[in-house]
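Two complexes are shown next, each including chain A; its partner changes from chain B in the first to chain C in the second.
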Partner chain A sequence: MGIDRQVAIAASLIALALIPPVAAWLESGLVSHLFGQYPLLLGGGALIGSAAARRHPCGWSAAPALLAGLLALAFWLIPRWIDAALADTAANTAKVISLVLLAGLPLGWGWQQAGGVLRGFVWANVASMLAVMGWLQLSVPSRLCNSYLQSEQAVYGRLLVAAALLMVVGAGAMALLGFRMGQKPKDGQGPAPPKHRLDRQG
Partner chain B sequence: MIRTLSALILVALAGGGAIWWGTGGGLAFTSETQRRIEIAAHPRSLPAVALTDSTGARLVLSDYQGAPLLMEFIYTTCPDICVTLGSAFEQIDKAAAANLRLLSISFDPRDQAEQLGWFADRHGAEAPRWRVVRVPDPANLKTLLQQAGVVVVPDAQGGFVHNAGLYLVDGNGRLIQVFDPDDTDGALKALNALGD
Partner chain C sequence: MNSAITDTEAQGQDITAQSGRFWVVTYLAITGLVLLLMMVFGLLMRLAQAGWLAIDPSLFYEIMTVHGVGMVGIASLGGVAVMWHFLARYVSLRAGVLAINLVLFLVGVVAMLAADFIGGFAAAWTFLYPLPAVSGSVWPAWSAELHLFGLLLVGVGFLLICLEVGRALIAEYGGLGRALGWHKLFFNSDDNVPPPAAVAAAMVVIVDTPALIAGAAVIVMSLVNLFAPTIAINPLLAKNLIYFFGHVIINATIYMAVIAVYELLPRITGRKWKTTRVFLAAWTLSTTMVLVIYPHHLLMDFVMPTWAMMLGQVLSYINSFPVLVVTGLGALAILHRSGIRWDLVSTLLFISIFGWMAGVVPAVIDATVVVNSVMHNTLWVPGHFHFYLLLGLLPMIFAVMIHLARNEDVTPRGGDLTAILYLLFGLIFVIMFLAGGWASVPRRWAVHLEQWQIWDKVASVMAAGVIVIATIFVVMFLARIPGMLRQK
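Up next, the complex of A and B:
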């Protein structure tokens, strides 16, 4: 995909998540908020990040960028801050900016330049994080978010566990079929050039 | 390698610090916990809103100043948690000192004197010790809920989901502590401490 096209898609994903009626609808439910609006904002940021990395590669920064993105995402998954984003416009603005620029963008930037080992490490960690979070949502008897219903929390918890399973099964299937995590999906000509690869740089 | 490592450490410190700050030092992952910590640390004055009780009598929330008051927020057609709240008040009604006042406040605009009366009868609430009231003015109701930190979400069955609790107000009309609906022991202990 061309870099310009990638940025255009990113901009439309972010815009879609923020159109007032769409945003209101997405935020009205826990599941649509976290499995609808969050991925749109994260995906938009990630596409911009990966486009930037293709234009100005900087291999050593892949691991710190991935860590930064995951921590920023973890922050906005804390129930208290999900509630805060719903109750307060300033907090919601902070959420949108962080999900795009502090979570999505570094994740795209880092993933684009990460080698196979780093990608596998991140993949495994995210899968286990999602599984633990899902289990937490399902095992806590009370509501974690004051703004949402308990029934939605149960669906959300199940979806998190399902996403974790899908990530594990997906990675397993890819390994069995001979794909490598470090391989770029489209060119199919082996791993990214060594100068962009963290595991080669050590 | 060194660049990568130092950047990793910096990111871990900044991100970990943000999460530490965002959870009040790992204590408050939910806004409910956070709300209770904030109220206990900084008691809140409550607005002097006008109330109407199950007999139609009018009063103002500030009339209660001078003695400890325990409040709960309910709606009369609530099938589960408000029944727990009502029973918690029944227990406290029997066990607490004579100067304590109890107030069940409905946030459902559909609750009129008649419905408030049902709730009062069901739980044995008798004025002036325990009144079941509504806030006739919607703007007043909103201010009161906001100040107490009560979030009410309509559910699919025409009812509401709300963060239930027992709200302890001191003699100066300040909300000083929030307890879980089933924590009658904690509420009684705090009430006795206020009475001393």
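Up next, the complex of A and C:
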């Protein structure tokens, strides 16, 4: 995909998440808010970050960028701040900017440049923590978000657990079938192949 | 399986994997030292049960916790060293991951030792909910938190190892399915057929990665419960996650270490261990089943779904046999009329196959519901896992240590009597566990009745013998470390 096209799609995703009627509808439910608006904003930021990384690669920054992006995302998953974003326009603006620029963009930037091990590590950690978050939503005996019903919280919790399972099964299937999690080492980069392999090829 | 090795292949096998040699040697040195320490802890417990040593029960359970989690951890570390050493001949591995894993492992171990011996945490390696948080004031919450945090760090390290091995296998073979040889198994393609070492490594990656993810999840859930006790965990969910994690991890240690058998026996006998379709089918079957049979650890949990129990029992009968049969028969085929002159390494490898195969028998017996309901909380259970770890896994690791200490020269040099003594001491030691279980002696009891102590006393003497022989193996390895590191 061309970089310009990637940026255009990113802008479309962000715009879709922010169109007033759509935004209001997405924010009206916990599930649509966190499984609808959040991914649109994150995806938009990530596409921009990925495009930037393709234009200005900087390998060492992958891990810090991924960590920063995940921390920013984690902040906006705290029920206290989900409520704040719904109750206060300034907080909602901060949420949108953070999810696009502080979470999505560094996640896209870091993911684009991360090798297979780092990608797998992030994937595995996100999967296990999604499962824990899902369990928390289901186990806490009271509402976590004042703005949403407890019944929605239960649905959200189940969806988080399902997402975690899907991540594990999906990554497992891709690894079995040979989908590369990381970039192929360029010529002259990466460890040298074992000698016996050269013998065999010769 | 008996065809002679070609010159190119022999040349390939003779190449010493330089990358990671320092870390492999370091891993094995740490493995040896920690193994001896954990063995001494085990001896202390048997002496206490025999009535020959007075140990405060609280300290007994702390030692039991350290011994359990320590042995699982060090078996994994030793298994990784064996796998890495041989796998590096076939795929490109980056040794930096070994360094990161070791740092995480050591920090985690220090945290757990402090939590257990200073904080008094003694909930066994299983840390079953709600025990860590409900200790009856035996240990403070911080010790449980520190122990679980340490365990989490160790798990993160092993996850990195799995990811690196998986990455290397995918890069070389085009996918973990192809690394398991599925293209040969299902389509009879001879294109880049993986050697047994790669097949075993692929299996380890496939089963260990989800197990570590499940382990991380349940550890974090337990930590949340410790920090916020009002947030409860479904005990059955916690137990399922813990045993899925623990069952797979300890099984995978043998699947890593058995690579030593696949690599060393061919070198010793001059015969190749071929990757046949039967061999690949066996590994694929075991890969699948090891992921789903863990409910055999929960046969006493009557609230478990019946289908899960049935799965646990029936598949336990089948799970071990495919790989065991291809490994056992493969070894016999390679050895038969090979003119082998037995020495320490080859004898240890042969013992390891026996220990693994024979150790599975009491495990399968215990996986039967009607037996399990009587035997599960007896010494039968430690009997079965000591059998295949002490006589299956450890001889594989010791064989690699001795092999490296001999500069990877397979010329027979004697020493097989030492291995036979190890077998003798080890066998009687584990039989004492099984006999105690047969007599309904409960497991995890710090104090034993006098009429139970005959098995404890014999076991203590045999454990001392095992430790002496194991010390000889470890010292042989440690003494040769400078030479190993200088070797080109």
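Operating definition for what follows: the second predicted complex is superposed on the first by the 182 of 202 C-alpha atoms of A that agree within 3 Å, B and C clash if a C-alpha of one lies under 4 Å from a C-alpha of the other, contacts with A are read in each partner's own complex, and residues count from 1 in each chain.
Basically, a contact is a pair of C-beta atoms (placed from the backbone, for glycine too) under 8 Å apart; a residue touches a chain by one contact, two chains touch by 3 or more.
A quick note: this is a predicted structure, and the numbers were derived from the prediction, not measured.
Shared-chain residue A:Ala10: touches no atom of chain B or chain C.
Greater residue coverage of chain A by touch, when chain B is weighed against chain C, goes to C.
In the superposition on chain A, A:Cys145 makes contact with chain B only, not with chain C. Of the two partner chains placed by superposition, only chain B is touched by A:Pro64; chain C is not. Within the superposed three-chain model, A:Leu41 lies out of touch with both chain B and chain C [touch as defined at top]. By the touch criterion defined above, A:Ala103 reaches neither chain B nor chain C. When both complexes are overlaid on chain A, the residue A:Phe75 reaches chain B alone and has no touch with chain C.
In the superposition on chain A, the residues of chain A contacted by chain B and by chain C do not overlap at all.
The touching residues of chain A, counted against chain B in their complex, run 60-61, 63-64, 67-68, 71-72, 74-75, 78-81, 83-84, 87, 143-150, 198, 201-202.
Within the complex, the chain A residues that touch chain C are 115-117, 120-121, 124-125, 127-129, 131-132, 135-136, 139-141, 164, 168, 172, 175-182, 184-185, 190-197, 199-200.
By the touch criterion given at the top, residues 1, 3-4, 7-8, 10-12, 14-16, 18-19, 22-23, 28-34, 151, 153, 155-156, 161, 163 of chain B touch chain A in their complex. Those residues of chain C that touch chain A in the complex are listed here as 8-9, 11-13, 15, 17, 19, 88-94, 97, 159-160, 163-164, 166-167, 170-178, 205-206, 209-210, 212-214, 216-217, 220-221, 224, 230-234, 237.
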